[in-house]
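The structures considered in this document are given below.
Presented sequentially are two complexes of chain A, the first with chain B as partner and the second with chain C.
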Partner chain A sequence: MAQRGAGDGLALRVIAPVMRVVEIPMIGLQRVLGINRLAWVFLLPNLLLFGLFAFLPVILNVAYATTGGANVLLEARPQIGLDNFERLLDCANHLDPNTCREDKFWRAVWNTLWFVTLQVGIMVGFSLLTAIVLNGKIRARGFFRSVFFFPVLLSPVVVALIWKWMLQRNGVLNAFLDWAGIGGYNWLVDANWAFAWSVFLSVWAHMGFYTLILLAGLQAIPRDVYEAATMDRASPWRVFRRITLPLLAPTMLVVLVLALIKGVQTFDEVYAFTGGGPGTATTFIIQYIYEEGFAGSPRLFGLSAAASLLVAAVLVVLTLVQLWVNRKNVNG
Partner chain B sequence: MTFKAKTTTALAALIALGAGAASAQEIRFMCYSDGNECEVYDDVLTRFEADNPGVDVVVDVVPYQAILENLPVQLAAGSGPDMAKVTDLGGLAPYYLDLAPHVDRDYWEASFGDTLAWYRGAEGGDAINGMHSQLTITGAFVNATLFEQAGVEVPGSDATWEDWAEASRAVAEATQTPFPMAIDRTGHRFAGPAISYGAAIVAEDGTPTLSDEGFAAFTAQFVEWNNDGTMARDVWAGQGGATYQDAAQEFINGELVFYYSGSWQVGRMDEQVGDLFDWQVVGSPCGPAGACSGMPGGAGIVGFNATEHPEIVAAVIDFLAQEDIYAEVTARTRNLPAHLGVAEAGVEFEGASPAAAAALSAFAADLSDVAPSAFRYQGYANNRAMFGITAERVSQAIVGELSVEEAVARMATDLEAALADTQ
Partner chain C sequence: MARPWDFLTATRGGARLHWTDWASYGYLCLGVFLMFFPVVWLVLSSFKTEADLQRYPPTFLPYEQQTVTVAGHDEPLPLFRITGGEHEGMILAQLRRVGLQAQMIDPADPEERLSVAISDYERLERFTLATENYAELFGRFDFLLYFWNSTFITVMATLIMLLTNSMAAFALSKYQFRGRTAVLLLVIGTLMIPQTVVLVPLFLIVSELGMFNSLWGVIIPGAATPTGVFLLRQYMLTIPDEILDAARMDKASEWKIYWRIILPLSAPAIAVLAILAIMWRWNDFLWPLIVLTQSENFTLQLALNSFQGELQTQWSSLLAMTVLTLLPIALVFMFLQKYIATGIASTGGK
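Right after this comes the complex of A and B.
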């Protein structure tokens, strides 16, 4: 039986009278509403906040998506049904944005798909490698774990400015290349390089988070399985393939889905890094939504809302996958 | 003093303070600065406050981006300030407070002339919606020292864009300067040379176009110059969307021979170039269509019709519009005056170096070359949409996402869609 300390006694002496005061209206409410309905009283504050800040914006978003014009007030906007969705999806060939009515939307869609594929693939691969190394018996392990996690703590704008400072025409990298006699390059004015550096920057900024999750997953694998493999003289590669990977698979799947969701939502760091350029080379879907709704002229709130609903549909699918994976993990 | 007496005194003081606060009429003035404008307004408005006890004009200094992006949303939601310094002169017209019932119309019409029409937007009419506080004009800055070092003669006042391109390339090559030319990344700066190439942009009957022969000709020339190294590619290709980007830092660093920007950069050049090199303003080069036009523009101070104190807001703006106050602000902020009386009397710019004074005079002299279509474009209510479309599509042509023909065709359809959306 647990021992009660002097502090617990003091806390009880303070809390008990307060609880007795609170109890009086609760007993009254319970008599009026019944014990089952009383639960709603406790849930009400949270439901109100959730409704106000989550459900209401979703409803408003749907409402805006079916309206046109440039007026910000919903009641002053004409109803146009699904015209915004038609405008976004109107393409002769979806693979060629030039044939689309909203070519910038499709450029952003394809950029996002490419970005997510490359960024998630590279990031999960590097995170796994880093987690395996950091899980081993290396010197200054704590220090290296901190080093890899550090970029996650930085603000996205800071990340973007650091790398812009490194990569701009008169930046650190070009100064180094000039010093080495190789000669600099205008990285952020070349569409392919700007895209590649955006992927790199994003991997650098986020891989610490996924490394941490994978590290936790690695540490959850029972030691005795590895000891048995060592006794059986299994090679390190075989151990990795037959033990580590299968036992880490559920964690990997969670990491993959989380990274996919985060990848689709990429905006702030790349926007501050390249502004979406050169041209539209690094314009992703969230930037398109932001620019159509809030930065451009006229402000196309309806088109922006419609595009955000299309993105939301993709994210809902990815989230359902994540929930399904989690449930499967919990249920074994 | 007893405790009771102390309490009574404190309460009386509190009530007096409360009554004072309740009777004070607070006017919120949202202001952005190109240089020191908000600081100067804050200073001169203390005189207005002294003459009008109980009125407190609070100058809220905000970044320019807030004026462009946040203010329109605030106004649409009915939660904007009482007055502001704006640059989307015609676009915000539905929200402006008509000052006419509160000011001397004859004085305002005589002092601000045609600029009053810029604030009337698509509606037109005869309302007095704003005071043009700083007149700007686009034009070119050149690094005279680089020309001297290269032994290349600075082209004359009737030189064309091609002449300047050739001279700038020669200077850059001779002096190992990274960039011969640069134009700020905005549709506004692009419009001056486009008009000189024959673009109508806003026809006499008010019809807008971004796809006529003249506009297409300058687009093709500009794209070519960006791709052959004549123009600094960083400026237009280094950004996405319609984001504004200037090349002032490159010019100040001595990395640029010819920089096409505008009169609002004079203060910055004066302060930051110092005696690093000699610079001068050469106005706007000429184009094949015969025009040598820049774009007029600038900022103005407007009141908003949602204000609870329309008379006071009108009085504040009218105070700033008085010739002596306007002249003082112009001199202290080193801007070109839009007030005809002040312009006629001449302005002695406070603290301006000889180079800056000469530059401001050169810009002022260039005003006579501004084409009528440039004035129409500046006053056109949907010009912001056209500026954005130009920056986006021309950039796409520069980086090769679109051909020049495709970019021009896209500009036409974008403009059509934008006009339909604003109906």
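Right after this comes the complex of A and C.
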């Protein structure tokens, strides 16, 4: 694996002098601190970045959420306690965004919930189907696997533009539907269709990733279990229900939690695809946070921070479940 | 006839194809079509002229209407083949169209005007790649600037990330020190703090550091990733400690052990992380959208997104730019496919 190519040589020629210069102070530190305490020096840059760009923001987020006004500087922001949260959560009927003070927030919440439910359900379903098919006696498995995986690498904006181009009024899909006698449609102008296509686009772009994980899970199931089942003349459906599904359950759980964590954070591709519209039909929670804090005027940083704390709470729970699931898998 | 059929339908086990195999291949072929066709369609469309893009129904390949320059007319005239009526078989140039009739002339005899029903003619076209769509990107748009911004961010962020993450992973895998477990927990803790939920304070910190509207404001905050630290630490744990002890006997400094022994031995893991980092940075959207608000700082992704608003009708440039944006990732994919698949499977994404 560690072949030395021409590229390595070039990299070494650039990096080696830098590393040699860094070595001089590092030797000094090693003398002063001793070998084991030197570990902190190695950790320092990374911890500094974590502290400054991950932990400090979490604390500041609370500070923002409890202050009002449109000033970005914390000392210039008036304390308003939990007003931001009250404003977000104030609803006569939480099921109906029209009765809420911050109706856009609740529209985004319900859109996100619907989106995550549909997207995760459809995506995991198709990923499982694809993984099972790929796990069968298939020629050119590597080729097919990479075909499904390919869109994972595309940038969200590119994915959005590809499908916008496919779906536009005089686009290729409408041409096909016209030819088939069904008739075309102006898809992204219709709220329901825009939502449905957003789900589709998201499934299209990400299912390869989950297929890959599920396929790895399937291949980890020992072959002799299946051979024994074949000897007992178990039907394929029975084999699937009684062997494949139970043995794949831990992987399925990992995939579900991962998909949920990512689904809740959906923003990029749908924002580039529909801009959240028509109206607010495809506005999700992260877009709400972005628009309140950065795109609107005045910039409601407090409201934005309060909303992101609510999302963070959901994500922390999901991530804890993920860590717990992973731990169980490793130990089990 | 039987033999090629036998060959095609033979399976690894030597048995005939079962109907489930047919269903499997059918499903996979449908998948290939669904996954590839939109991209192929995008690339083909990016070579069409603006006029060809407006055509409905669209043609699969890029065509251009053939034209002819006739003396006495400033503009080149579009050519048509006459398929019916009294001029059947001739190739005529259209002067203008009035309702269902077209006024045409024979390029060889430009004096005489002929009237042809438009149901009796078809466009004369030829396969042409409209490479001017791409040339335009370099002339009319600051494509090279955006490309440079994206490349700069991707390269710098990847280098910084590899350096800091590998140093931290080295410390966490090869040293016994007080507080190691605490640091590991801290790293796990950052897994729970995706950028999407700390946008506002992150924006403040980046502005206070003077990195608002600077490429560094995109590069630095994303440089330390828990995923990277874990991936490298897991790999470094497999490197035997005896190698380090031997190097220490030879009076090598700890820094030298890090970059002359640990780094080269971790090359496979570093390669995986590098590819992932390149992909994340190149495709990054939300954070650059917040930090970079001036168009001279735009990355390719931001430029694409803002152009699709501005150039609502000018698909030709937009499509060409989309193709050029996905090209680097497509190339990386083709050459390093194996690394990417294993890397992503082992880290569970971002």
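We take it that the second predicted complex is superposed on the first by the 284 of 332 C-alpha atoms of A that agree within 3 Å, B and C clash if a C-alpha of one lies under 4 Å from a C-alpha of the other, contacts with A are read in each partner's own complex, and residues count from 1 in each chain.
The criterion applied here is as follows: a residue touches a chain if its C-beta (ideal position, glycine included) is under 8 Å from a C-beta of that chain, and two chains touch if they have at least 3 such contacts.
All figures in this text were calculated on a predicted structure; none of them were measured in a lab.
Look at A:Pro298: by the touch rule set out above, it reaches chain B but stays clear of chain C. Once the two complexes are overlaid on the shared chain, A:Gly121 sits clear of chain B and of chain C alike.
Of the two partner chains placed by the overlay, only chain C lies in contact with A:Ile286; chain B stays clear of it. When the shared chain is aligned, chain C comes close enough to touch A:Pro151, but chain B does not.
Legend: residue contacts after superposition of the two complexes on their common chain; A:Leu258 is shown touching chain C, with no touch to chain B.
Note on chain A: of its two partners chain C and chain B, the one contacting more of its residues is C.
In the superposed model, A:Pro250 makes contact with neither chain B nor chain C.
Once chain A of one complex is fitted onto chain A of the other, the partner contacts of A:Tyr64 are limited to chain C, with no touch recorded for chain B. Contacts of A:Val133 after superposition: chain C is touched, whereas chain B is not reached. Comparing the two interfaces of chain A, the one with chain B and the one with chain C have residues 72-73, 294 in common. Within the complex formed with chain B, the residues of chain A that make contact are 68-73, 98, 103-104, 107, 169, 186, 188-189, 191, 274-283, 287, 291, 294-300. Chain contact summary for the complex, chain C toward chain A: residues 11-13, 20-21, 24-25, 27-28, 31-32, 34-36, 38-39, 41-42, 45, 54-58, 163-165, 167-168, 170-172, 175-177, 180, 183, 186-194, 196-205, 207, 220-224, 229, 253-256, 258-259, 264-265, 267-268, 279, 282-283, 285-286, 289-290, 301, 304-305, 308, 315, 318-319, 322, 325-326, 329-330, 332-333, 337, 340-341, 344-345, 348-349.
Looking at the complex, you find that chain B touches chain A at residues 69, 72-73, 76-77, 88, 91, 233-234, 237-243, 382, 384-385, 387-388, 392, 395-396, 398-402, 406, 410, 418, 421-423.
Against chain C, in their complex, chain A makes its touches with residues 1-2, 15, 19, 22-23, 26-27, 30, 35-40, 42-43, 45-47, 49-50, 52-61, 63-64, 72-74, 129-130, 133-134, 136-139, 144-158, 161-166, 170-172, 175, 178-179, 204, 208-209, 212-213, 216, 236, 254, 258, 262, 265, 267-268, 272, 286, 289-290, 293-294, 301, 304-305, 308-309, 311-312, 315-316, 319-320, 323.
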